[in-house]
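Below you'll find the structures, each written out as structure tokens.
Shared chain: chain A. Partners: chain B in the first complex, chain C in the second.
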Partner chain A sequence: MLDSFFIELRRSPVLALAAALILAAIAIAVLAPVLAPKDPNLQNLRATLAPPSAGFPLGTDEYGRDLLSRMIFGMRNSLIVGAAVVLLSGLIGAVLGISAGYFGGWLDMVVMRLADIMMAFPYLVLALGLIAALGAGIPSTIVALTVAFAPIYVRIVRSKVLVVKEEAYVEAARLIGVRPRTIAVRHVLPNVAGPMLVQGALTFAFAVLAEASLSFVGLGVPPPAASFGNIIAAGRDHIIDAPWIATSSGVAIVALVLSLLILADGLRDAIDPYQHRL
Partner chain B sequence: MTPRPLLAVERVATHFPVKRGGWLRRRVETLKAVDGVSFAILPGETFGIVGESGSGKSTLARTILRVYRPTAGRIRFDGLDITELDETALGPVRRNMQMVFQDTKSSLNPRLRVEQILDEPLVTHGLPRGRRRVVELLEMVGLGDSHVERYPHQLSGGQRQRIGIARVLALNPRLIVADEPVSALDVSIQAQILNLLKSLQSRLGLTIVLIAHDIGVVGYFCQRVAVMYLGRMVEAGPGRHVTRSPSHPYTQALISAIPKAEPGVRRSRILLTGEIPSPINPPTGCPFHTRCPVKLGAICERERPPRYRTVDGGWAACHALNDRPVVAEAQEE
Partner chain C sequence: MNLRYFVERLGWAAFVLFGSTIVIFAILHVIPGDPARAMLGPEGTPEAVAKLREQLGLDDPLVHQYLLWLGRAIQGDLGRSILLSQSVASLLGERLPITLLLGLYALSFAVLIAIPVSVISATRRGTAIDYGGRFVALIGLAMPSFWLGLMLVLLFGVVLQWLPVFGYVSPRQSAVDHVRHMILPAAALGSAYAAMIMETTRNSLIEVLHQDYVRTARAGGLTETLLLYKYAMRNALIPTITVIGIQIGYLMSGALVVESVFAIPGMGRLLVNAVLSRDYPLVQGAMLVTVLVFSIANLCVDLLYAVIDPRVGKA
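Coming up: the complex of A and B.
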């Protein structure tokens, strides 16, 4: 699967660019304290709303904070939320999806009806409600978005499990006497990993977007901590006199989300055996 | 005294509920995939089961191996009644009865290497493991060292089927049920795989149940052959007799459909009309009466035919043979 992803990378320059941008974003997030030229929360009231210059490469916001440093830490917060949501909802999706799909029965019934109920809510409304109950902050943003995105995972994993469990190799393992739990982990899980990976990239994109939306309305990453969403919110009030604030983080969100969507597309092509071109 | 059969199947039926109709007019009907089948296999024997698709032969195979629990009847393996055993109790029995599958693509996990595939039965049953054992198994099926690291998609269909057989041999089972083991393979490969099974059978003293829709394959391979139609056995007997001079009109029609490699020789073909009836509402009496060219009359529609003796311990269930001695009464489920 990894080999065919590398083939896709060589085949498509757009995918290569997206992958490079994502790697760069991860590097920025990891190295944020080293890369940021200034303290992202340091106010400088003599340099508020300063346009980009040598001292402030992307300008400053209304408190005179260095926008580049805030963007770098905003990237870090966005990726922390995105990665945590992908991992947690992926884990929940794998466990519940495989249990529901492979073992079936009442468990399947209960899990899937719960997933249906949750999917009936628009995910942002669901997340808003959960944050209202849990209180704002990065951990509750992660919890809320995990709950919002897990049902899609459960559905995707379950539907793939239903296909895989009819394969003769699962029947063969059962006849050999392999225990059901071992079959689920050894035979079913690896064969649903591909679609999960694709869904992971998609969920990452949507989680970044959702985190920005929540932070924009003040419910995601709490100020003064930086996030693309709250930087845009701060820039909205000065969209005429200091357009660089909203523009820079807007461009960053678009680039990040678009790259993730292109990556998901590339992964999908890579795991689909019928898509292979020479 | 005759030896104890390794596998004894007595009046086994496997029915499936089928939900029909919409939400308001839901009714549950019964699909009688296997409907009152009896036979016994001696140790070391090769037993063939032929029939059209939909005749219930694959369901019968999976019922024997207790993938399905039969609706009625009894299955005895080496004297042990396994009809009602649960999965835990079946564990040690399963080691001795294994299955070879039709679809070589689907029967091997695409994400596991050959080594891992062959290790699975060994580790599951706590048998001696390791690369040497894996190579040993590969050599038994005509493969070798060079295939250990391969993934299934790097092998040909014939090679994959050999891996499927090696996986079964790893457990050293006494009974192998092969469900259409060659019908997905090229004709040139079919003979190789059949010969491999044959040589393993004589070398290891295996008992083999071979299921196929190709009566030629079964006649070549098996000492005894049974013919299934619509979930029932209609004829059984020595392979040579059933495939050369069959007694049941259905078997006769099947045999006459085999093309012969003799140009210019015109044979009388028995053409059956109509479709195989649905196993959901199978015909009463003899299942074949709707298409039978020698149908006697009302008795065929009303009564299930008993088993009449043919030759060499063979029998056929057909009312037209009523001048012969009865071996067993009609097999109601």
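Coming up: the complex of A and C.
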């Protein structure tokens, strides 16, 4: 699968650009303390709401904090939340989806009905309810979004498992007496890895958007820590006199999310190269 | 539509709704931490916490609390908001219609844009117009609705000064002002939704246009217009309705933030404020009403299937 992804990468310059942007975003997040020209929380009351200049490449906010530095740390927080949500909801999806799909029976019934009930909530409403109980903060944001996104994973993995478990090689393994848990891990899991990767890229994109939304209304990354969402929230109050505050962070989110959506598309093509191209 | 399908869908909606009441209750009562403590904040004295716990019935057994809450909720009593010291039901009654209107406008905006664009895209597949349309849709999907809202405010409110930028006017006060205030929020909320509808409709239309019955109709000499709108569209719209239905949840999530951008006093903003101030009765009530609206919307979509595609529910 990795091979065909590299083939896709060479074939599609758009996908290559998206992949490069994602790598750049990761590099920015990892190297944030080195890359940021200033301390993201350093206030400079003599340079509040300064437009972009040589000293402040993207301008400053109402406390005179350097926006470029805040955006670099905002990228870090976005990626931390996004990656954690993808890993945790993927793990939950794999464990529950494979168990429900492979073993069936009452376990399947309970897990799937639970997923149905969770999906009766608009995802941000469920996340808000959890944050109401847990209190705002990065860990709560991660927990809330994991709970909100995991049911989709469970459904996708389970539906794929239902197909895989009827395959001849799984049946053969069963006939020669391989233990069910070994079959689930060694034969079923690798076959659901592809769809999970695609879903992972999509979840990452939507988790970044959701984190930004929560931070925008003051329930995600708590200030003074920087996040694209709370930078834009600060920019809303100065949309007339300092429009650059809200603008640049929004452009960064769009670039990141767009790249992740394109990556998801590329991964889908790589998994299923014979799929009829629309 | 047959009765059995209808009853089945109704039963399913009731089951999901019942399950969601348990989730709502569990979220706010089972998670470690004392809601009374959380609501009063660091200034709450132990006496005040104890008093509030008693007032909220937090010392009773959980099952008892749940049944009491559910029983009252069914009768329309959702308790009192701590923040606004008003009945939760009457608060939601005031705010919900505003959010529903906003959602309806966003949905109409999305459908009105998405359907024509997807027809153009599908019939000119692989051309620059097709790629251009899809790329714009992808960007629409990647834009946070609240940020798009702010950019629309900047362009249409601040630079061009065509439209008001904040606030809400009830349609009873002035229909014209109501519409003028809702255009930008509806566009901000509806764009990502339009992108999802467009991608689905385009792909399903392309698939339908390749089917045998369409080829036969074309060979029989039907005009392309008649073929497209009378024969292909009806089948192509089934996946579209699925997306519209599933993504109503996305719309409702978006309303939470878009209302905050435009200072629209809807339910989304009420819920956000309730969470910010940890007004638990209000959070519970707003979540419950949201799920109720979402379930009804999904039920309508299920029934709409049966109307559009008579095969649904017959098997």
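Just so we're on the same page, the second predicted complex is superposed on the first by the 273 of 278 C-alpha atoms of A that agree within 3 Å, B and C clash if a C-alpha of one lies under 4 Å from a C-alpha of the other, contacts with A are read in each partner's own complex, and residues count from 1 in each chain.
In this section, contacts are C-beta pairs under 8 Å (C-beta built on N, C-alpha and C of every residue); 3 or more make two chains touch, one makes a residue touch a chain.
Computed from a predicted model, the values in this text were never measured in an experiment.
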Clash-or-fit label for the pair chain B, chain C on chain A: fit
Partner chain in contact with A:131 - chain B first, chain C second, else both or neither: second
Where the C-alpha centre of chain A sits as vertex, the angle toward chain B and chain C in the overlay (nearest 10 degrees): 90
Touched partner set for A:54, first chain B, second chain C, both or neither: neither
Which of chain B and chain C A:45 touches, first, second, both or neither: neither
Chain B versus chain C as contact partner of A:205, first or second or both or neither: second
Greater chain A contact set [chain C / chain B]: C
First (chain B), second (chain C), both or neither touched by A:118: second
Which superposed partner A:174 touches (first chain B, second chain C, both, neither): first
Which of chain B and chain C A:34 touches, first, second, both or neither: neither
First, second, both or neither for A:2, with chain B first and chain C second: neither
Least C-alpha distance (whole Å) that remains between chain C and chain B when both complexes are overlaid: 7
Residue numbers on chain C that touch chain A, as the complex places them: 15-17, 19-20, 22-24, 27-28, 31, 33, 35, 38, 125, 138-139, 141-147, 150-151, 153-154, 158, 202-203, 206-207, 248-254, 256-257, 260-261, 271-272, 274-276, 278, 280, 283, 287, 290-291, 294-295, 298
For the chain A and chain B complex, residues of the former touching the latter: 167-169, 171-178, 186-187, 190-191
Residue ranges of chain A in contact with chain C within the complex: 113-114, 116-126, 128-135, 205, 209-210, 212-213, 216-219, 229, 232, 235-236, 239-240, 243, 246-247, 249-250, 253-254, 257-258, 261-262, 278
Footprint of chain A on chain B - complex, ascending: 65, 67, 91, 94-95, 98-99, 101-103, 106-111, 120-121, 124-125, 164, 167, 171
